[in-house]
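What follows is a pair of complexes built around chain A, which joins chain B in one and chain C in the other.
Up next is the complex of A and B:
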């Protein structure tokens, strides 16, 4: 018996998730006489049906160099976790143009220098479990951070809070120990549901917030899947530590988006490919060289100044970072409201560096020896090798010690270093000066890891924080930054730019000023997908 | 057999390794303006990710590989043959114990054991030599023991024993010279193995430390720029391959020349 073409088509199953070619074949063979020609045709059909019935995958994949370490905003301190938590949770306050605090979930009023009232705005997003976000949740979140038993790393700065009241369901009052005009800028931690905090819900494992994305699954350490609440679009974050592999996966369209953490050469290489678009904008992550002030060599201001003059930052930016950075003079970029645009720093001047070293008592036969600690990240090691070479040229012997991130950061935090390089990432509020440079902020209280102590700087920090007038505060912070540049607890290096590389199959991703992932709220596929993401969301288990 | 090519490769390697001070090399000179520049008429092999000349670093790496392989083989041969010969000569429980130790050592994959040792000792060229030497002596010891077992009942040894020669004299004068040929053949292959092992350890970051150059570390650093500057991997890779291949070919030739059995059988056929 012959099988007509029409019958073939009728036997094709409708689009479904599970292809069942064998079942189709059995139905097809029912009542037909078997012979070898028929078998051949059946096999042909199976292959055609089997090949065409795979479901298009609309999950957008984002390549990351590091996995987020903690999805509980009370504990997260690393940049990746902070950026992901912004997607999963909403916060009271955010930062706008000039890094000035702006309302997010709530607007605020300063009822007195030690009393701030926050009014939750309407409409506001529901928690992912459907509950309504209220003042109680805000109070519970901050109370939990302030509870010493929680051991939150964010507790330090928030200890200024003495009491939190919730006069109404939409109002939260914060009472402070002392006036601090920077206070609203401290309330940037994601809000968690009060009832789940009380139950001890494992937010790090199963985050529930009120952000624009909700957590779906984390099958293993290398993958995290979240879903956009607006339309069900899934985003999968994939950890690919090796930059070359990340590059190749982007070229093969296995991932669709990646941001930062690539050697500059690979960024240039990818940007020349037709299927890839590059977005770039100035960043504010401050790279610096830190020193142990208790050390007999780098504890000398003259030696630190010699180091500052010996490093050719302009050339490093031009040739190594391929222009994707700008020279830094202080911790904040000029566009920050507390920044200092007119500071002139230490120009590259090897002769001046040699002169300063001589003044410090060193010469050709008696060279200072410095141990330089850095991480094992190949690019950081490459920069360290360049700095080592440039310091050698002016008469400073440098030995590089590279350690894995945990060991390196542990050494820095506990003050076991002579010189190190690191960057401040995502710093927005000028209270960082007190945290990093005040003589009382020696770890574990603060991050003055080099034991820097300067009476003038201490006084300026405290004065600035207690000044309520923004202009006066700005002037004090500028004087402080000039003072820090003069005394050099850090040798400022540069602010690295942010960049995002995206496949041309997606569009709408806007790179943010601080390198967060908020642009994922707007990202979409180029051209409408034949199966809308909301439909996909229903299809997936 | 056409040996001019392997001979010249090994000769060039040894020459560059020993006399590299005669060239004004700047393997560690960083030139930011030349970062990842490709090969050009002025710089035949281009520059690396820090703007250092790849050619100068290859020569500097030749010194590292030559020095390491020679030290490793010397350590392996001296330690291995001394232990192997003594064990076979002394026989009894000493020999039995020695064979067990050798069997245990052979049960470990050589390079893995070297990685573990280099990891435990810490990175650095001295520790690499020590780690590879500790792993490498076993082959020589087994070979020396086997040869001595066959030779120790030979007439001249029995004669030496009969006139009261001390064991050390018999070993040094009457046994070692006779087992040198197979040991030399084994050592020639050992050189190739040591070059590869040193490159492997340096590739893993356990070998020479920056900024010193090694072919293994050059390949490792180059892999990160494979897409934009393949010359960083290709040149050290080809050099490593050429030297190892040449060392193996010379080893083969040496075996053909020095293997008495093979010569006899060839002569008889």
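Up next is the complex of A and C:
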């Protein structure tokens, strides 16, 4: 006889003897004890929700600190998106040795100071949907950026364009409001297919470009899979926010490549580990201390010079950054075409710093007090603490205020600071000087957040931009940088190096000068994967 | 019962309305401007005004609230300022991961806490009791951001049994669930111990023993069910906490859930996503608490009776 659950309960001999006040609670517990089906259902549900598709083993995994926020180059502003979009889209112009603009998709001619002609190079690449890239696509991309309705953050600098023409399928003409010899360097945004722009294709979700890689899937916001068009090699970008976990994942061979964004001690630890190789290259990301020129303390040039002399940058680089940086004197590194290699900066000299402070009216009993804003990033906070100590040694009291990135950056952009530290990342064109230091570039118009105003510097910036001769332009930019080092709107700190840590199971990755991911075009497995997929047959015949 | 149900649901709806208002105001209270976030520093003032108008941010506050509220009713939470994706899609992508992690963590917590709490209660003032409560203290004292890497080191690096992070593979949930579950188990074990201890002295327990039931049977069948009420309340609160509070664990284990989404959105100042994530977590708390109240009333008829009279 089949005894049902209810019958079984009713057959219990002692049930009526136990006068428990909470009868239904008991019944529920009995239910849990006996209803194994319920537990099976719960476990089944959990396994259904929990099972996610695993990618095959031949995929090369790249650990990232941040996910790319937007795969539509018209909107992308963060470094990770920009680096990934370089793989997915091709652009008219790139930057070569000395950060000089060089042809990528197109060569160019200056038909007049306000008329540039770009000729697309043959063979023109194919978009991932099979269509061939044409002048129309270039025009549609830039026209879309210039359309206020698109709300592209790249519109600002490109508003110098008044008209775009396409005389032939291979030719694009750009007409400008005024002469700007730096103009070709602005055309570095990935080209999108014109017909898809017109249809409002969601490029941010399903990018279609003509770059060396094509988008495959984005299983969730922390993972992105792309495929190399040349041979089908898959690369999966995995977001792992915690640097320690990123390190452990590389050690466990769950990811095969990491680039930047690790504390120096973890880089050193990994570099000594068997099975991991370290590549290092001088970088151009410029770290600096910024000041509010309207502040009565740091608004004084003497105080800023005292700060410059009080910071021992060489020792910080040697002991804190573990040698993975070089001292900076100006915003561009010496190898940049507009850089200034012979510029000598402020040597570490505490006595000179004390003398300058005394000259500014401060002494042992009357010490200047400065609030130093930084982010909550532990490494940046550590650097701030060291600078606080070094400034204390010369007689400057520093209180550190650390905020989460959004609040900190919001404060800096709004001018709510006395002193702060930050870095310019990925800057290539010298128009940055006008954007960051011209007296007309006070936010929201520009990024002169410290309200720096210097007539000489203003004149040099404008002259340099209007000069069409490259040598003259270079000389003017060098004079400008010497002026900025003398007046100190920023105290230059250092250029941090780029590094890549790779598992020895892969080879061929070349670290680029600006930290982009272009090296993925050449990366290979050391040996054939354990189960070669069909689409990799060309790689491992 | 109906009166109790209606009262509880109404008060939950009221709380939800309050949360919606607060979440709506969030975008206007925290420093920063969404338009500037979208367009960057170099944007022209005219472009900013155009976008502000397009987003409806130039409308009076009450009109903006009404539009936001109507959107909520249609499950339209807007789009992310950075990725341009619909927020509902983002939530649909992330919530199952958090739900899964929370459920497994809850099972881990119950699996650990139940035997520990019972043993500690039945063997009061013995080394077993001290051991179990020592574990509870240990579990409560260790922060998740330390426990997580420690478990990774042991489980993934030394033993190689589990992946370091992510959500690929059936075993990926083990380490994050242990991290979340042990902290919860510690609190639960203490609650089970004190609850069961209280019940063990009751008359019906003496009756149960007098009729010849073994000690184990008496505890499992009579003491535990009667000690369940406070434990259930705690479980409800903890589950709400698990669903919304797995932020640190999800960050450490790169677990693609709601907590990680919220952290990313806060870092990027992606206001609509922060709004939606906060709303989602608050709603979870409200719903779980409502369900706990209803379950409580169902388990103990005296509660609904009292409520009905009052």
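Just so it is clear, the second predicted complex is superposed on the first by the 473 of 541 C-alpha atoms of A that agree within 3 Å, B and C clash if a C-alpha of one lies under 4 Å from a C-alpha of the other, contacts with A are read in each partner's own complex, and residues count from 1 in each chain.
Criterion: a contact is a pair of C-beta atoms (placed from the backbone, for glycine too) under 8 Å apart; a residue touches a chain by one contact, two chains touch by 3 or more.
Only a predicted model underlies this, so the values are computations on that prediction, with no experimental measurement involved.
Asks: Check whether A:278 is in contact with chain B, with chain C, with both or with neither, and answer first, second, both or neither.
Replies: It touches nothing on chain B or chain C.
Asks: Output check: A:506 vs chain B and chain C. Expected answer is one of first, second, both, neither. What do you get?
Replies: After superposition on chain A, A:506 lies in contact with neither partner.
Asks: With both structures superposed, pick whichever of chain B and chain C touches the larger number of chain A residues.
Replies: C
Asks: Of the partners chain B and chain C, which touch A:244 in the superposed model: first, second, both, neither?
Replies: both
Asks: Applying the document's definition of touch, where does A:156 land relative to chain B and chain C: first, second, both, or neither?
Replies: Touch partner of A:156: chain C, not chain B.
Asks: Considering each complex separately, which residues of chain A are in contact with chain B in the first and with chain C in the second?
Replies: 244, 248
Asks: Write out the stretch or stretches of chain B touching chain A in their complex.
Replies: Within the complex, chain B touches chain A at residues 28-30, 32-33, 35-36, 49-51, 210-211, 221, 223-229.
Asks: Applying the document's contact rule, which stretches of chain A touch chain C when the two form their complex?
Replies: Touch list, chain A to chain C: 14, 17-22, 24-26, 28-30, 42, 45-47, 49-52, 54-55, 67, 69-70, 72, 75, 77-78, 148-149, 151, 153, 155-157, 159, 202, 204-205, 220-223, 238-242, 244-245, 248-249, 251-252, 254, 404-407, 410-411, 413-414, 435, 443-444, 446-447.
Asks: Please name which positions on chain A make contact with chain B in the complex.
Replies: The contact residues of chain A facing chain B are 243-244, 247-248, 263, 265-266, 268-269, 312, 315-316, 318-320, 378, 381-382, 385-386, 388-390, 400.
Asks: Under the touch definition given earlier, write down the residues of chain C that touch chain A in their complex.
Replies: Per the stated touch rule, the residues are 31-32, 36, 38-48, 50-51, 54, 82-85, 90, 93-94, 96-97, 99-100, 103-104, 107, 148-149, 152-153, 156-157, 160, 163-170, 173, 204, 207-208, 211, 213, 221-222, 224-226, 228-229, 251-254, 256, 260-261, 263-264, 266-269, 298-302.
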